[in-house]
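Next come two complexes, and both contain chain A; in the first it sits with chain B, in the second with chain C.
Entry: the complex of A and B
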């Protein structure tokens, strides 16, 4: 049971800032997922929390105590590595019990605890095998077992699923989530896979270029991305972002750009206008928030079909118009008659429209 | 399902078989010259020598006219000098192996850490290995010289030590002196192989054990040593084989003396054959040495193969 706090945490390598003054509060029992493209600083941050890398600036607090100068072995944390890092010459049982043996637990206590953990992870029949005799999924479970066996303050996981095949990854994802919820141990999990992040975390920290872009619940992240990076990083396919300007039309104000003609509500305008003045801005919407509507020509988004991808349960239609392009998610039945090059019109759910500054990429929140 | 699996397996076997028969002869032809050379220069003389060891021949070349006898083996195995030589050989080999590996391991551990000039040090450290045996022996003979050698000169700097040992003429010091030379000559090899072994241990293992609560000593015992186990076994065996057969250092520096203090088995075999011209006992002893060398080599092959499977 424990909390963690990062204050202005930074890491500099030979003049390059890998992690740039990040601040984060992690509550007791929370499952926090760091997600971002490779090189965004997420693993470095995790390794600083573990004590494997020294912070070049800022503070790490674990359980309200400063941890910067505490060695990894004294931080009372457990870590699952990408390549599992199982001790190759030890059996599964020895791998599991290593930390306990180092802490001079009694033989009986160790045996009891190993049995418990082995049972909870289905490892009982494998206890006497060496890691080289295990499958990828089994090794993964041993690595998890080694982490949970001593009930640490913090659980750190560095891309633990990336070496598993797709099917096993989905299974293990659920397994880890279940385990974390039942043990209630504060967990920090690093991944580059946004699906993993969305399905597992209570709180997701999206990082890019060494900075936190947004730290929020999965729902908020998806519905209200803080900037265009988050909008495009979270969600497959990503949020559509189209360039447009505000223009008057028939006594109202519309957002107009290549293939875009969307009326803007008055209350939104009062916020939007001062921020963008008469310049360009980006209008954003998720692929599922538009509906094909042949009558919407002057009141939504239009363009010609460019690519059609059938996924079985749904179809993704890419539409292009001038400098703008967007993707529409629809049922296979609706997508069936569409041919490449067809002119398509969609109406947009006005509640789901998002606005971003064209220069900074920051979201402009409107009522 | 079962049927398709079986046919797939059969098809797989057939493909392998095709590739096999096409290039089967090429590798064999490529190694043929080497095989012929080995046969002419090693295998035939070896068999010849073994044959002589079972005769009373004093002159090399008349082996097949002599009657079969076990007398050579009997005299060799009952001769206390043989057992003394075996003892000297064992001390020489064991001393070299322990010293070379200890020094090599420390050097390798230092060289895995990043420090300025590491690349240059890594290159320089190989030098003793690159120096020819004869040159090394001459250099060290000079260094050990009681009157103007650098070793005694250095000892003169130690306070309260006044003795100037006569390294190669003192029966108690000659063997240690040559062991030190042999360690100096072989530890670069141990360093290189152990360094490669150290680098093959993933950093993650050290990190995992650190987080699990292991300090530096435990990390060395639980991660480094087990990770080097296989490489260490190979180094031990190779150093043993080489020390066992080392002739040049002892022959050049002490000729087995003083008073037999450095008379290893190979040196003894040489003197039996070429100084006393006792071909029979020499070849008998040589055959026994060969047996030991073969056993060591088999052990080496076994370890290498097991390492490949793991």
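Entry: the complex of A and C
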């Protein structure tokens, strides 16, 4: 059982900062997912934890011990690679037992353990095959088996599902989650797919430009994104962000912008006002947090229907108004009568409104 | 509309015919090329077993004559030092091939896997060594070798060959190592192997085809080499077969039956090495290890 801790961890490649002073605590048994666009530094971070890349700054602690100068073989970690990295000249059984043979396990113990792991991953009939004789999904399971066979302190997974087809990916996703929960091994998982991140992790670390944007539970990340990057990266479709200003209206204060006219609560105003310098800010809400409401004309968001996408179980309606655009998620029945160019009005759930600085993109937390 | 099916049938029939014709033409071409390649060897062998009286018969006989003699294959070892030369050549060629492959593998691995100052320049230098004609290198090497006492010795000749072949072996093997996914080595490092353990357990077994072709290449070059061997080794006892073979051509007479017999014998070791290694040459061992 083990923990990991990153302190001011940095990696510089020829003058370019790939990972920029990140701090993170990973608790025992936690399933942490690093997610971000390509080039955000998530894989580099993972490879530094594995010991495959040397950190140019900061500290890595595994189980309370400094690990920066420990070689990969002595870190007691296991890693699943994006392209599986199975040893092509060895059979499945030899691939699985490689780490055990290096540790001088007895033949009997190796055989017993290989059989155990093969059974748990449904690999028993394939033990004598070479990797080239396996399907993508089978290779993936061998790679997983090679990682779990010696019960390491840490599991590291670098986009292990990205080479599988969509159906198999969903299956394996559940499989890995189940495996991790049952083994209870601390796991760090890297992906660029936010759905994978949301469904698998206890804790999600959103990275961009070498920095951690937010590290939190999936719920928190979805409901309270720390900035506009997280708001737009997590969720399909992303959070709607509309540009507006505070303006007085009938003795109250409203957020007003192209197609936006939303009253702001007094207690929110006291926090919001000092943080908006030049008057402009972004208002954010998820596509499911607005409801079509023809009566809401002066009290919500409005615009003309631009694109209508039917997904079967739901419809996504893109609405445009001047510089602002947003997407509404609704039932296919509600979307059916809508024609392109129709004027639509929506009321917004006031509890789900989020505010962001227009300059920095940072969230402004209001009561 | 009604004609369409039969028209399609006709169309399908015609390309079939032309495809067969094309195949036949290709097969014929391959056969002709093979014959051109094989004929000198055939002629070499046939001449070697022809009684000396019929060597210059005109018109030449294509088939081995009824009274073929194989005695030259025995007498040549008694009359000449061919046995010694063969043994010298085997030692030099094997030594060169083993050392060049080994040193080349080490160099190629570091060039392929590690980033260090001067890496690009080293690669450029490796290429640059191949730009000089042999004779240009032979002269300064001769001077150098005579100063340090490497002339007239088989180890000296091996060193000369290594100087020529290590850069080639390195370039050949580097291409090969570049093709082996780094992820395999990283997986092995994480699984608990050391860097050198990974090299021997993962990288080397996967590069067997590359090693085999490099070994073969170096062996054949060293086996056939004449210029350096002739310049650097003067004592007949230390000659290699290429020099020995050339010594058969006398000023007035060349015993063609002996030359051809020796030539046939000389071709054999290279052929044996090739047959032994050829199964590694064709195999793509890395298939299936990583995706994409």
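The criterion applied here is as follows: the second predicted complex is superposed on the first by the 365 of 367 C-alpha atoms of A that agree within 3 Å, B and C clash if a C-alpha of one lies under 4 Å from a C-alpha of the other, contacts with A are read in each partner's own complex, and residues count from 1 in each chain.
The criterion applied here is as follows: a contact is a pair of C-beta atoms (placed from the backbone, for glycine too) under 8 Å apart; a residue touches a chain by one contact, two chains touch by 3 or more.
Remember, it's a predicted structure, so these values are computed and weren't measured experimentally.
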Overlay on chain A: chain C relative to chain B, clash or fit: clash
Contacts of A:78 with chain B and chain C, given as first, second, both or neither: both
Partner chain in contact with A:132 - chain B first, chain C second, else both or neither: both
A:87 touches, of chain B and chain C: first, second, both or neither? both
First (chain B), second (chain C), both or neither touched by A:350: neither
Which of chain B and chain C A:146 touches, first, second, both or neither: both
Touching partner for A:163 - first (chain B), second (chain C), both, neither: second
Partner chain in contact with A:50 - chain B first, chain C second, else both or neither: both
Residues of chain A touched, compared between chain B and chain C (which is higher): C
Shared chain A contacts, counted only where both chain B and chain C touch the same residue: 50-52, 71-73, 75, 77-79, 81-83, 85, 87-89, 98-99, 102-103, 132, 146
Residue numbers on chain A that touch chain C, as the complex places them: 50-52, 71-73, 75, 77-79, 81-89, 98-99, 102-103, 130-134, 136, 139, 146, 163
Residue ranges of chain A touching chain B (in the complex, touch as defined): 50-52, 71-73, 75, 77-79, 81-83, 85, 87-89, 98-99, 102-103, 132, 146
Chain A partner contacts - residues on chain B that touch it in the complex: 202, 204-205, 207-215, 218, 222-223, 226-227, 229, 310
Of chain C, residues touching chain A in the complex: 181, 183-184, 186-194, 197, 202, 205-206, 285-292
